[in-house]
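Shared between the two complexes below is chain A, which pairs with chain B and chain C, respectively.
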Partner chain A sequence: MARGTEALLLLSDGRLPAGGYAHSGGLESAIRMGRVNDIEDLKRFLTGRATTSGAVAAAFAAAACGACLGDRLEDVSVLDDEFQARTPSPALRQVSRTLGRQLLRAMTAIHPHQLQQRLPRRLNHPVAFGAAAAMLDLEPDDAARGVLHETLMGPAMAVVKLMSVDPFDAHRALAELVPLLDTIAGDAATYADADPATLPAFGAPLSDVVAEHHAAEEVRLFAS
Partner chain B sequence: MLRESHPDATAGAHAPPAAAPVDAAAMTARAAVSCQNVDGAANRLTRLRSEGQFVLRPTHPKGFEPWAHGAAAAGRVSVSAGTAGPLGGDRLSLDVYVGPGAVLVLNEISATLALPGTSGEQSVITFTVRVDDGATLIWLPEPVIAARNCDHRQDIRVSLAASARFLLREELIVGRHNEAPGNIAQHVRVVRDDRPIYDQNLRLGDRYQGWDSPSVADRSKAVGNMLIVDPASGIGTNRADLIEANTVGVGLDDDVVQASAVAADSLALSHALDEVLNRLGPPWSR
Partner chain C sequence: MTAEETAPSPTSAPQTRSLRIGVAGPVGTGKSSTIATLCRALSDEYRIGVITNDIYTDEDARFLRAEGVLPAERIRAVETGACPHTAIRDDVTMNLLAVEDMEQDFAPLDIVLVESGGDNLTATFSPSLIDAQLFVLDVAGGGDVARKGGPGIGRADLLVINKIDLAEYVDVDVEQMVADATAARDGKPVLALSRKRQQSIDELSDWVRQLKGKYHSGEHVPTDPGPMAPHFHADEDGGYVHTHE
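Here is the complex of A and B:
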């Protein structure tokens, strides 16, 4: 991990101007609907997000990074289609596309790379994240870790704005999940060269449901 | 095309199973149904092979059948349970083929109750489905109930031709009444004209960390899905139906609708999915 550590920190930092900070990963709606009321609920929320959407995003980021590093760019489009098939919610599809576009735009501005001209313009976020990792000479394992980190940091940071909780408690919940996240990222990295059709497709029905409700809300703090 | 894409539909009656169970008490069974338009006869059941768990019977309409309701000529097959289970260690498969232009309504007589076996092995049911050009499959299984301590997996692989019409309604219940949840993973992958349109592996039960999360199923006992593909219909265009707090019907494409529902019990789930269909209007609504 020594090589590229700084690049991974740059890419996964919430302060990267790629728009991730505007999203709560469904937490705002889950709180509004009474499903998350305290820090224990938050931890369950984050655990489920890690084992479903997070695990899927991590595998797609690893595979996209592997495809870019191996110059198999046709696989990047296939991965994007496969990811879309695993994202039934139109609201979540739009979020993913927006974040993907914003990330690629940020990369073009901060780190010009020949891949930027050759990749499809529209990519889902995990696929774009894997491509961005490749642009920074990172490995598929890094891409998986980075996108998983981002998947959980969004709601973990949003919670202090949405609920009366101690920020230390929110971070304690994250710290307790570290071993699980390591396992998930390690599994995800094994998909670096896999057939895109075989990537994980773990479903999270309530995430899909609340995403649609959230998109229909007129007053909301976060975009998702 | 048939031979290449759906080898099981033409396999011999006693083709060897894909994977033999480890446990001697476990069962291996494979069943198949094919519905085709042949020799001027519409919707003929050209293959009906029952084995073990899957006993297939040609039947009459059982209730409301979206799209095919009142269509006397549709092929109709009911699956009834020939044995208890599936039990842990069982390896079962059902192959479904609907030939060009044919219409098949496939339903079940009763719910499926997945039970633990003596070996602690997982039970696996594999469904392999092919719906050809201009063909229709209305697939209405009864709920799958995962009894306490069971470990059950269902792999549903669906291949649709570009002009195929398709409805799949699935209802998963974890635990019988007042019973702790069993474990079930249901993986549905639908490919249309060789492109993936839907791929979800829903995992419920304590074996799967995070399943009880407010972002997954939140300890709800009933989770349902529905997928409706109606070529050139426009049913999916800009659709985002919010039905109660825990059910949505959304457009995946202009002619594809998907529903997700999470409910306290089977009855509430069933009503929620009915309402998704009602919003689509005829011929999908009651």
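Here is the complex of A and C:
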């Protein structure tokens, strides 16, 4: 992974100005509903997220990156539909589309690339992330790692604003998950050239329910 | 159809570009009210859109819709994840897309007003999001606030000192406050405003008309009020002044 490491760090840094900071990855609602109360709960939440939505996002990012690198842009559309089919919650669909759009909008300014004009009008976030990785000459494996990292960093950063917790503990939880994340990203990367229909579909029904509740909340800190 | 469905591709520039004006300032100084006043005064002349940035709710967008100053669909809220400062300066993407979508969906718009979530004295808009900005203070915050400085007070395109009808109740000398502010701004404009004083509303409207003229003639150059002003940190040795760069 020596080549392109800097570009991967640029793309997956939460400080990339693409609006990701406004989202908690479902954590705000999980806390409100009493499902996450302490650091052990947070770790379980992050593990659940990594092995479900995170693993799916990583596989789709890898596949989208592979499709862009191989100039199979028709596959990018199919991947987007397949991802949509794995996202039952209308609220989460909306969030994913919004984040995907924001990422591509930011990339037009940060790193103009001819691929932008040829991509479908709207893309879900993991698919957009894979495309952005390809624009930066990254590999599918990088795309998987980057999107998985982002999937967990969102809630891990949001937690300090949402409950009384030591920020070091939140990062310790992340550090303990590192081996699991490496395994998930490695598995995801094997889908780089796979038939879109065969990509994983690990569901997280509670996340879907929680996201719908959150969208209906009158007062909230995070958009999701 | 939702905004999302009608949204342009991320790469397509809006068909028409409006004059984008930011409205910043501390909590409760009257940003939403100033926007309502401007819409009321100018909506016969200009086609206007409004983007609000709220911290917890979409209260500001609701307030403006309830005021009935614009068609409700031309007022949209952006959620800033509890960081209103970030959304107008460090990471403007959400607001930028909201402005571009608004310009696209209601083309042609003449002016889009963006209200910042109420923050502190250091929060100003980046010129990558807006062309010009108002910074709103009020007399109720105290007559000395204008002397406290900061990028918004010092260098916003227009400094508004709002609620001057309340000055007598909070023992503020409006003339003195305006003079202090003018001194802090090297002569850049300062406007004493009250929604209850028509003359002040006319002055505000005229400022926007002139800005619009200068924007179209190319005379107006968007400027950044700049980074946080140098400020003081106390420490064991008595403290030091530094800047954030």
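The working rule: the second predicted complex is superposed on the first by the 224 of 224 C-alpha atoms of A that agree within 3 Å, B and C clash if a C-alpha of one lies under 4 Å from a C-alpha of the other, contacts with A are read in each partner's own complex, and residues count from 1 in each chain.
In this section, a contact is a pair of C-beta atoms (placed from the backbone, for glycine too) under 8 Å apart; a residue touches a chain by one contact, two chains touch by 3 or more.
Just so we're clear, the structure is a prediction, and the values are computed from it rather than from any experiment.
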(message) Under the superposition described at the top, does placing chain B and chain C together on chain A give a clash or a fit?
(response) fit
(request) For A:A106, decide between first (touching chain B), second (touching chain C), both and neither. (result) second
(message) In the superposed model, which partner reaches more residues of chain A, chain B or chain C?
(response) B
(message) By the touch definition at the top of the document, which applies to A:T190: first (chain B), second (chain C), both, or neither?
(response) neither
(request) Report for A:Q117: first if it touches chain B alone, second if chain C alone, otherwise both or neither. (result) second
(request) Identify the partner contact of A:S77: answer first if only chain B is touched, second if only chain C is, both if each is, neither if none is. (result) neither
(request) With the two complexes superposed on chain A, say which partner A:A22 touches: chain B (first), chain C (second), both, or neither. (result) second
(request) May I ask you to decide whether A:V219 touches chain B, chain C, both, or neither, giving the answer as first, second, both or neither? (result) second
(message) Is A:P200 touching anything from chain B or chain C once the two structures are fitted on A? First, second, both or neither.
(response) first
(request) Quick one: minimum Cα-Cα distance, chain B versus chain C, in the superposed arrangement, integer Å. (result) 11
(message) For a test of understanding, state which residues of chain C touch chain A in their complex under the given definition.
(response) 2, 4, 7-11, 55-57, 79-83, 86-87, 90-94, 96-97
(message) With touch defined as at the start, can you tell me which chain A residues reach chain B in the complex?
(response) 25-26, 30, 33, 35-36, 41, 44-53, 81-82, 85-86, 88-91, 180, 197, 200-210, 212-213, 215-216
(request) Write out the stretch or stretches of chain A touching chain C in their complex. (result) 15, 17-19, 21-24, 94, 97-98, 101-102, 104-106, 108, 116-117, 119, 121-122, 158, 161, 218-223
(message) Show me the residue ranges of chain B that touch chain A in the complex, using the header's touch definition.
(response) 187, 189-190, 195-203, 208-218, 223, 225, 240, 242, 245-248, 250-252, 258, 260-262
